[in-house]
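Input: structures, listed below.
One chain, chain A, links the two complexes that follow: it is found with chain B in the first and with chain C in the second.
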Partner chain A sequence: MLNYLAKRLIHVISTLLILSVIIFGVLHLTPGDPARIMLGPDASEETVESLREELGLKSSLPIQYLRWVANAAQGNLGMSYFRSEPVLSAIGKHISPTIALSVWSQLLALLVAIPAGVFAAKGKGGKVDAIVAAGTLAGISLPSFLFSLLLILIFGVWLKWLPVSGYKAISGGLGNHFRYLALPVMSLAFMQAAYIARITRSTVADVLNCEYIKTAAAKGVKGWEIMFKHALRNAFNPILTTIGQTFGLLLSGASVIEAIFNIPGLGQLMVSSILKRDYPVIQGVVLVTSIIYIAINLAVDLLYGVVDPRVRIAGESG
Partner chain B sequence: MPDERSALALKSALREQRMLVLRSALDKRMAVAGFAIMTVIVLLAVLAPVLAPAGPYEINPLDRLLPPSSKHWFGTDALGRDLLSRTLYGLRISLAVGGSTALASSALGLLLGLLSGYFSFAENIIMRICEGMMAIPPMLLAIALVAALGSTSFNVFLSLSVAYMPLVARVARSSTLSVREQTYIEAIKSQGASWARVLFGHIAPNVMSPIIVQTTYIFASAIIIEAALSFLGAGVPPPAPSLGNVLYDAKSVIFSAWWTTVLPGIVMMLTVLGLNILGDGIRDVMDPAG
Partner chain C sequence: MEPLLKVDNLKTEFRTLRGIVTAVDGVSFEVRAGEMFGLVGESGCGKSVTSQSIMRLYDEKKLARHSGLALLDGENLLAASQKRMRQIRGRDVSMIFQDALSALNPVFTIGWQIKEVLRIHQKLGNKESREKAVDMLRLTGIPSPETRVDSYPHELSGGMRQRAMIAMALVCKPKLLIADEPTTALDVTIQAQIMEMIADLKSSLNMGVVLITHDLGVVAQTCSRVVVMYLGQIVEEGDASDIFYHPLHPYTKGLLESSPSIRTKRGAPLHVIQGSVPPLDKAGSGCRFADRCPYADKLCSSVPPMLVNAGATQKVRCRKLGSIESGV
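Entry: the complex of A and B
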């Protein structure tokens, strides 16, 4: 297990290094001079020059990169060009709605998708299977932002049941928190649920075809016991992988949903930063989101090892 | 002479195989349905200048927010522009951006995947870079690139292509790894074929099928992300009628004009649905076991 752990960690570190080069590189593709952007077109050449000096923009690119990485490793992502605060504190202020939105969406998706996938696999080729297949195809083909607009029309404009704009923190009461998040969470969860239901159905159906399941059934093990003890446990890893892989879609989809529902999360921070060309903030949001994504996938990898002894052993010998 | 005969035999065998693929494609209703939907969608987009009742930029302040009627099938938007026309032209832009993204990222990804699957020294560099890129969700990478380069249609295409490239490279690499171990590759190598000939002449055609499936999915996904970028201010710049811009404009009048959201939305959903069904269909045809 330790060996497996070490391998995953080395892999994560190399990914982080490349990621940092890419993000740093993208920022330096930007046409124009950061000091000039910060000070505006009216500033004199001397002021711009002294700011350039102050920001360390006169050193060579590798030096700038090393300095940026060293700072980032200590949690210093630089200053926002336009908000008089460090990038990390701007991100800190906006991250909790994004996390709430993503986590609730993921939970709702799991709650719907796993039973749907299991029932579809159990009645393969039947009515339930067909309904689930149609649902997943719809979920994969209906972009979350488009689905959110339709939900706004139905629940906000016609039925007037739910608010269509704004956010209430969980500290202000669960009821209001969920009332405001209901539509955004539904929008995001649909596509996520579609991917998870698809993979659940196909892996559970595969496992149900295995000899040992037939043996268990022949021995008189009850249908649901087979499902929970054997089929679902063996289908766990592919489902987990899908959750890890699609979590990136969820996180980035969240930013669009936030823009639509006017939720003050990372997405909104991103939109205002794009409008003002506040590159350090854009860079910071991309970095933080990617790190969350990497961390989730590392957790998924480690969970494999915990759940499935085969992975641990393969990790040690390989 | 014997050469010619074997070439002929090979040709007829190939033709037979092609017929088999075609027949099983006809058997697969999914692939056919997807192909039919996409044919109609592409025709609508190509014929937009003929079909559209008005110009996509034509503003008529007196006709603001008219509901669907025989004159304006899709109604009009907040500036009195004919929505059917904007949707048809929007389809053109979205298909152009999505399609060129799918082609460019697949071509580049295929090349990198082939190289890294064949040369182990290239594998380390290329795959490490791809892994780093894949740690960033494609949409975020595209946003960062568009923000850096400036939002023009071309930059949106460029950014999306870069963002999707690693996905294709990974698929191409794993197929290359298995194909290069096949006996026929060994045979060609032992005849003294150059690496370029082996790689591009013999391995590449055999890794194409998973790539083609991937290309249709990227096509669908790029259309979605291009539209989503519009909501973040990083898409095809307005007032160009991309589907994303049409829907973004619709959001601000969603309380008074449902048709501006629903009708272009249905067109967009049918497009993505068509591509997904087509992708699933092609996958089933090419890999009957899977």
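Entry: the complex of A and C
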């Protein structure tokens, strides 16, 4: 197991290195001069020149890259051009709404999607299956901005049950936290749940044809235990893959949903930084979300072995 | 003595895309406690459906009709509630399957799977059920059961897995064991060991065993009575030795001749039953074996033969019986 972990860590480090080159390169190869943008079109050429000097934009690209990597490795992602604060603290402020939004929508999605998928698989071709199929089709094909506008119309405008904009941190009380997050979480969870329910249904349906399901029935195991213990555990790895993918997507910032509900998350930070060409922030956000992706993938890989012992053996010997 | 299991005129029909199909058609037999009973036939003859009908393990949605009786100690399993069936399964009647690798759940240890039976039926705690699981594994001849109990199915050899499955089936000391081709997937040497072990446990637990197989040789060695099935019907039944040494039905004869034995001449081609088992819905009104039978005449495919007494212990379903025996 440790051996496997070490191998994976080497993978992670090399991925990060390649990533850093790409993150650095792409932004510096795009046209537009940050010093000029910061100072506006009226600033004199000398002022712009001296700011370039100050920001280190005059050194060659490799030097700029090495400087950036060395700083990033120490947690220093530079100063934002426009926010007069370090990039890391800007990310820190914006990441907690994104984490709250992602975790709650992921949990809600799982809570709905896994039972829905399992029951659809059990009653394959029946009523429940048809309802789940219709629901997942809607979840996948309905754009999330449209769905969230519908939710705002119903719960915010007509029923006036829930606030339609803003974010309250969990430290300010659970009740308010959830009231403000309810609509964005529902909007995001719907699509998530659709993907997870689909994959759950198809993998569980396959597993139900296996001989060991009949064995479990022959032992006198109850129907729901057969479904949720014997079948779901065997069907879980493809589901885990889907969860990993969608969760990573959520954590990198659902910018559309954040914009609609005015949530100051990573997505918002990213969009505003791109519009202003705030290079250090853009680089920082991309780096952080990449690290989140890599961490989730690593976690999913390790969980495969926990769920299915046959994977564990393969991982140890390979 | 009252039989342990009495199956009377069992009929199981399934709904399929091609209409309603009778998978088991009027099967009757009895199994006594401590007796090994053989259910013999080719793939698709209805022997597995018969056992699954007794256990009610088929897909309920596909079932069209179910009639007859399956009495276990006088209680009709076909009329029992689902809840009652769950109590019976694994406790009073257990099953073992052909391929233990696919019949054991790959993500749980064999110990967990054995303990699950005890947890359901005897409400035992973790420690007690673990001890019982280890004892049962030892009884089925698994070496160092204290460590094997924590193995996953894929970590065991084929023979070992089959022993583990037998341990799981017998841990609640059932009255009846249904063994569905328990040795087909194993090496010949292991086959004999497993059959011997099943026979030993049958005697020590005084349980009835229904052995489902296509191998008449195994049946002759281990069973007292045998039923031979073809396309959902019993074509011949009797004491195992009678069936083995004096088969009456052309199908039974074909089955016996098509398996190699010491008596088979070296180099001589092995006998083959012509054709293959036709789909159930293609069965005609007459004798179901008529198309493949070397003795069949025109009447055979239109007149349905009855199961009639022939000799002291045997019954056979063939209207040409007289002419076959006289060698015409």
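The criterion applied here is as follows: the second predicted complex is superposed on the first by the 310 of 318 C-alpha atoms of A that agree within 3 Å, B and C clash if a C-alpha of one lies under 4 Å from a C-alpha of the other, contacts with A are read in each partner's own complex, and residues count from 1 in each chain.
As a convention for this text, a contact is a pair of C-beta atoms (placed from the backbone, for glycine too) under 8 Å apart; a residue touches a chain by one contact, two chains touch by 3 or more.
Here the structure is a predicted model, which means the values were calculated and not measured.
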When the two structures are superposed on chain A, do chain B and chain C clash or fit side by side? fit
First, second, both or neither for A:Leu251, with chain B first and chain C second: first
Considering only touches as defined above, state whether A:Ala130 meets chain B (first), chain C (second), both or neither. neither
Under the stated touch criterion, name the partner, chain B or chain C, that contacts more residues in chain A. B
Which angle, to the nearest 10 degrees, do you get at the Cα centre of chain A between the Cα centres of chain B and chain C? 80
For A:Leu174, is the partner it touches chain B (first), chain C (second), both, or none of the two (neither)? neither
After lining up the shared chain so the two structures overlap, which partner does A:Ile10 touch, if you call chain B first and chain C second: first, second, both or neither? neither
Given the touch rule stated above, what does A:Leu107 touch, chain B (first), chain C (second), both, or neither? neither
For A:Leu29, decide between first (touching chain B), second (touching chain C), both and neither. first
Shortest CA-CA distance between chain B and chain C [superposed frame, angstrom]: 17
Chain B and chain C footprints on chain A meet at residues none
Tell me, which parts of chain A touch chain B in their complex? 14-19, 21-23, 26-27, 29-31, 137-138, 140-143, 145-146, 149-150, 152-153, 157, 248-249, 251-253, 255-256, 259-260, 267, 270-271, 273-275, 277, 279, 282-283, 285-286, 289-290, 293-294
Name, in rising order, each residue of chain B that touches chain A in their complex. 128-129, 131-133, 135-141, 143-145, 147-150, 220, 224, 227-228, 231-234, 247, 250-251, 254-255, 258, 261-262, 265, 268-269, 272-273, 276-277
Which stretch or stretches of chain C touch chain A in the complex? 55, 57, 86-91, 94-95, 97, 99, 102-108, 116-117, 120-121, 152, 154-155, 165, 168
Interfacial residue positions of chain A with respect to chain C in the complex: 210-212, 214-222, 230, 233-234, 307-310, 313
